[in-house]
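Remarks on the structure that follows.
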Amino acid sequence: MAMSTLLVSLVATSVVMYFISKASWKIGAILNFLIGIFLISYVFALSTGTTSELGTLFGQKLQLIWTNASYYFSLVSLLVIVSVMLFAIKWLDSQKYPAAFNMFLLMMTAGSLGVFMAADLITLYIFWEIAVLSSMLIVPMGKKESRKAAVVYAVMSASGTYMYLYGAFLAFQRYGTLNISEIAKHMVSDPSTGIKATIFLLLASAGIAKSGIFPLHTWLRIAHGNAPDAFSAVLSGQLVKLGSYVLMVSVAALPSLKIFSNIPFYSGIPATNYFLIALGATSIIIGTLMAIKQDDMKMLIAFSSVANGGYILIGIGTMDPIGFEGGVLHVFNHALAAAVIFMAFASVVYRTHTKKISELGGLIHKMPITFLAYLFAIISLAGIPPMSGFISKWMIYQALVRKGMFITAFIAFFGSIGSFLYVFRPLAGVFLGQLPKKYKDVKEVSPIMWLPMVILVTISLIIGIWPFPILKPIEGMRMDFGIAPTMKIADSSHWLIKGFAGNWNPVLVFNLFLIGFVIAYILYTLFPRPKKVDLLAPHKKEGAPINIYTGGEFIYNPDLYQYNTKFYAGFERMYEKHPSWEKLLEMLAKFFYDLGEWVHGWFFRPSPSAYTFWVTLTILIVFWVRW
Amino acid sequence: MVYGISIILIGIGIYGLMTQKNLFKHIVSLSIIDTAVNIFIVATGYVSNGKAPIYTRALPGFSPNSFVDPLPQALVLTAIVIGVGTLALGASLLVRVKEKHSSINVENMKGVGE
Amino acid sequence: MKERTIWEQIADSFRSRSIWMLHYCTGCGAMELPPTMTARFDMERFGITPMATPRQADIMLITGYLNTKTLRRVIYTYEQMADPKYVVGFGSCTINGGIYFDSYSTINRLDYYIPVDVYIAGCMPRPEAILEAFNYLMEKIRKGEADGWKRYKENYDWYKQNQIRSLGEVYVHDEFHE
Amino acid sequence: MISLLIAIPLLLAFISIIWRSLSKPLFFLASFTNIVILITSWFPNGVEIHAMGNWKPPFGINLVFDNASFYAALVVNAFFLLTSLLPGLVGNYGIPLMLLMAAANGFVLTGDLFNSFVFMEIITITAVTIASKKENFYNAFKYLILGGIAGSIYLLATIFAYASTGSLNMAHVSMAGISSSSLVAITTLYAIGLGVEAKLFPLNGWVSGVYGGNDLAPVILGTSVSFAALYMVGRLFGTVFHGNGAEVLYTLALITIVIGEVAALRQRNLLKTFAYSSVAQAGVVVAMLSKGTGTAMGLAYFHLTNDAVAKFVIFLVAGFLVYNYKNLNGVFKKHKVLGASFSIASFSLVGFPLFAGFQSKLRIIMEAFSMKDYLFPSVMLLATLIEVGYVVRWNVKLWFEEETQEKAETPVIASTLALILALVLITVFIKPDIFLGGAMKMGNALADTKDYIQGVLSVVKGGM
Amino acid sequence: MVAAYKALFNLVLGFFLVLSLEGVGRKITARVQRRIGPPWYQNFIDVFKALSKHPFSNGWVFDFGVLMALGGAMATAMIVPMGSTTWTPFPNSDNFFVIMYLFAVGALGMAMGMVGSGNPWASIGVSRALTQMLGYELPYLIVISSTIFYYKTASIHKLVELQKNGWNLLVMPLGGIIAFISLMGMLGKKPFDISTAPAEIASGPMTELSGKYLGLLHIMHVFAMFVEVSLFVDVFLGGGNLGWYLVKFIVVWVLAVLISSVLPRFRIEQMLKFYWGVPLGLAFLNALFVLLGWTL
């Protein structure tokens, strides 16, 4: 099947899916999942370089092309989406609009795939909007706050999109083509730096808005935090990656190093790229600091997405071979980790109906599989071996240190250590600690819901130990973009990943960890067997105190003995009076409202006299100006 | 001179529209503007020492150049008719406005929000 | 007394050289501990160190008199300690109730309720006496004679009976009634 | 034949004064006949003149039937036909609607400046009558005052044109050289005079009151009459005055776009929100018209067609909702078809892909860029951004908020109609030529002054 | 196979070295405080005694956390080079960042297991420990980054080799001092023992640990300290044979103990402010010097 046929029929199928789901949403969800599986196999079967044509739009051919980048990004997206589709088969029974959810999810899939396949800017834009539109219609299916979230999401996304559109047409007007590779060629030979930089930044701004980079990051908190729970996984794991893709297109597919070679800023990185890197770094700081203080677990991970978007941008922005690969690989890592985390949260919310960390606790006793999935996901998110998250962070650090970008490196380190803090907060507050009394009858979610999490986590683990399959398309992508085409970073024959400064062997490291674990286990079994302390004693028997250290006090209500409010109080206190960018943007929105009020007050007064006045005034002004 | 009068009349009409609180006076002002425009139109057709634009052998010294322009008068007729129609509609609307909002003074009208 | 295995003997000798204590300081006896710990007498040279929680501790110091309210906590804490565990009773209060022996709520004999391995007489015992007691305890542990924790297990019902007799049942279980 | 477009509605209107109960079917008959007439003379591809009373141009009143007026008449009558299919909406207003249809057709077809003034005044009067539905008298009155002033200014401009050229025939005026100072006066006055009907800032104060006041006015005024008025803008400034005065239009249009969107953002009333949105769209169209080239004008009318279709659906649905529910939260859960059509139409308005608005908006931006105009696209995109805000807000509110009320009866015809038009919008996205072909012909016809002059002044055909 | 023996040697040496040094440290502290102090082998006794007790387990995550902590720490200890290429078990994987992050596995395991005990004191302790990490790691990583930038390698054994002509401490003394201050935080020595503060939060993460859990975690702590000090020695104090390495190790250790024995404890935000003040600034200054080539 040609790519164009696929995309068009996907969009059409999604509408059909609505009616199928209307009859029975379960069948719809299963069909969705099967379509997802088919898409994955389709993606595997396509060979790079395949082109396809979608049609003609105002004289421009809408072209699709299958590249390494398309393969990689589509695969990552589909992994996330298909998992969520599987997850949704059960999860949807807690939702109000399952039919619409199925429809828009499938339409969004089509849109995302189209974005990755697009060979020209306008095709990209069309599918981009399809993805945004359909996702925007899923967001308000959540709780009350999600309505506002949808609006914020739409506006923020649109602000980036329209800047992109402006940039695309500016490029078209100047170079007479919309094809990305053609534009790249023209831009390299274009002498005007100002125009090039404008086009570059305008194109990138869509990515900035979508992947939640600093000035346009605020929608993530509200949208990811309030969207239907399982869809947050798609939002954070997949849709945000559309932004990363556009950033990659504007930074790498248009070879920024060559285009802006006349404005080097620092260590061979052009000022334009450095500007993006600075934005990415700011996002890391904001994302990390804000994530640390969130009490709403979904918002917490939403802010972490802001921070991780920053990593991706920094990695890609350096245009260093290792940094670029790291940035691109981070897309995969963050996608999987965020998807699993959000699905785990969705499971928690599914059972407990709250997403406040301070109202939860001790769910490990009830939902151990969800807990384990979450645990491995955060290990990946925090960038700790043996999960795959470490590899990309390692690569990004290599690039930063190699380029001597110490301040950026500092921020990256800050974000990385900060990520330990914020991922630990839900771990401690939701899954560990004391189980509140009202959740004593909570059960583990059904296998349909935990299976996708387990699968994704396993993939992440396997890639963390044997990253070469995923590094292959990334290296291909790097070759396509001509970033150090001779350099080889992944050396699968020696099981090595080669950095500029030292290599490492993920298999060995995993084995060492395994050996360490085995030794520890042997030691563990050598010594006396422990006596079990039943942490659930107060739940099981009325009047049984909890049997842990309480300073000699008898505590019967475990809710009281749970530390999850203001987890990092000592640290949070240090920046509680921080300035808020979100408030600033809200002020901007308010400004437009007030402007409307003002306009209304001045020009649309409810009296004919005022109209007459304005008519007269206009006549006079126009005559005065024209004479 | 006549142009001046019509322009002054237009000004008066606009002044009336801008300053009057009573909606009926708005209609009056509008009709003043109408009239002013009509005067203006008629005035454009004026040719000094012109003759009635009628072909006839009875008059001596007949020359098309000395005709006044007949067309503006025809236009004015139409314009007047339309103006009257407008006024009638406005007046009838005002009756209903008075019924609904209990006044035709802009400041005293009830239920006129946004 | 059962014969100890070689491993138990080794373990006991380690236990005797590394005593981590939890002090349950209800009375004036705690006053005497700081000089015992600091430069003048330096308890640490015997491997004796204070610990923060019952889970980590080996010995429990009951430094002063107990009443019905505090005894419940002592028992609760004692049961949270890991075996092998030892109890040291400080001063006459733990032995016979001390000067408050005739109060309605004073516990007169501690070892009705939990097994005490070493009593230190005096009101209050001086640091020298404390060190002497610790030495004695170490000796006992090394020989495997400090078996209070075993006795507590073996005679659990008896201890429980005593405890309930003195303390009574608690009827309302919540944080405000204990 | 073409004169019948004006004559039939007029005739049927007078007939229905006698048989009032017949007004609805007669209205349908009138609009249907008009459409049939138009279809039989599909795209003349030239200029046909229908001289009234057989006065040959430049004398007398004549109707000009070329690609531009055909397309405009087609759109105008199509919306009348659609409206006539909704008897509930038409109510007692069959007669004014027929008169309005006659006037709008005349306005579109006439080749005479003064005649166009007459038709415009009739449009104003009938539109005011329609606007006064649902006791919306005060707003109708305001509209009347503003329309009256606009009419006077329009008349003044016409007289100036006559005074400086000695002719009222558009082709003749266009051909005759006018001194530049007169031209400034004429074009300025025309810009202001048309500005009221074309909803240009600051002459659009009436829009929210009239569109927001009842369910019929926005449906017909926001589509047909807007189109007619904006057609005249293109005719006058594109054909007759050769783009003179375009900068006034351009400036006013840009301000209109921003002001309209900002005012719409602030609105809490569904009808008024989209009233202001239609103000902004008119701004976009006028800005494009002021470019003066055939392509630009064609795209403007393409956009206007899309906008009109979308607005028809939106106002239809909105009118139904506003007058049947006190609280609009989540009403679409009860009216899924209406909701879907509304959403599609509003997304088309924004210019999301999959819908018609995308085609026109992107083309307009592209055309503006190719003319090296960087300001208009940015203003337009900013406006679209604001538009996204309120369109999404309304959609979310209407679809997803918690609903509370009893369900009102679903209007079957309206739903069907709305759905069909929504599907048309999707079809136009896939095959833009449905609207684009005609619009481009129209734009080219408007831009081609020479052809127009030649056609009018040499060819005479028909007559009553 | 040789690598495996070397790794094993790393573990054995690390265990005995650090455990005895801990005892020595206690002795030194006691002497500073004019006490006699325990014997140098006291910590061996403590560890084995703890292992011999009959512990309590607070659920499987508690056990799992402890094992993960110990496993992670041992894995890291197996990679760390000891002062020369000869004593580098895995020359291809001794990348600094790998060690740093592998190390975090242990920390995460500990944190998870301890919070899994269900005790809020443990949670507070972990929260403090993580916050503290944010403090000391940043200056440290900046200094290490500038070192890597200067020597163009992140491989520890190569760094050691490159220091043949002069210790890195002498090349960038500022960096060395900052790294040492950070090392104090890493070791959890006073004034940076905020996370375990026994008098405030009942020894923090270790609140619920009993018997062998305490012992295993102590061993984990031993390996952690071994890694931390080794890294400092390797990166700043140059190479040499094993003997020299041990001498340097002991010197660094004793210095840290001496400093910590005379200082009181910081509060958590004081500690953050401290690290983000002068040390971080100086670390950046050091980085600037390296960039400008102003090294000794």
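Letters A, B, C, D and E mark the chains in the order given here, with residues in each chain numbered from 1 onward.
Keep this in mind: a residue touches a chain if its C-beta (ideal position, glycine included) is under 8 Å from a C-beta of that chain, and two chains touch if they have at least 3 such contacts.
Keep in mind that what you see is a predicted model, and the values were worked out from it rather than measured.
Discounting chain A, connectivity by touch gives the groups B, D | C, E.
Between the contact lists of chain A and chain B, the overlap consists of D. At the far end from chain B, in terms of centres built from Cα atoms, lies C. Core chain by CA centroid proximity to the global CA centroid: A.
The interface with the greater number of C-beta contacts, when B-D is set against A-E, is A-E. With centres taken as mean Cα positions, chain C sits 113 Å from chain B. One inter-chain figure worth recording: chain C and chain E are separated by 36 Å, centre to centre, where each centre is the mean of the chain's CA atoms. Chain D and chain E have Cα centroids lying 77 Å from one another.
Residues of chain D in contact with at least two other chains: 141, 145, 149. For chain A, residues touching at least two other chains, in rising order: 548-549, 600, 606-608, 612.
Across the assembly, chain B contributes 17, 23, 26, 112, 114 as residues in contact with two or more other chains.
Working note: touching chain pairs come out as A-B, A-C, A-D, A-E, B-D, C-E. Within the complex formed with chain D, the residues of chain B that make contact are 10, 17, 23, 26-27, 30, 33-34, 37, 40-41, 44, 71-72, 75, 78-79, 82, 85-86, 89-90, 93-94, 96-97, 100-101, 109, 112, 114.
Listed in rising order, the residues of chain B touching chain A in the complex are 14, 17-20, 23, 26, 106, 112-114. Across the complex, chain E is touched by residues 11, 14-15, 17-18, 20, 38-39, 42, 44-47, 50-53, 55-56, 58, 80-84 of chain C. Only residues 141-142, 145-146, 149-150, 153, 181, 184-185, 188-189, 191-192, 195-196, 201-203, 205-206, 208-209, 248, 252, 259, 262-267, 347, 352-354, 358-359, 362-363, 365-366, 369-370, 372, 374, 377-378, 381-382, 384-386, 388-389, 392-393, 395-397, 399-402 of chain D touch chain A when the two sit together in their complex. Chain contact summary for the complex, chain C toward chain A: residues 24, 53-55, 72-74, 76-77, 80, 173-175, 178.
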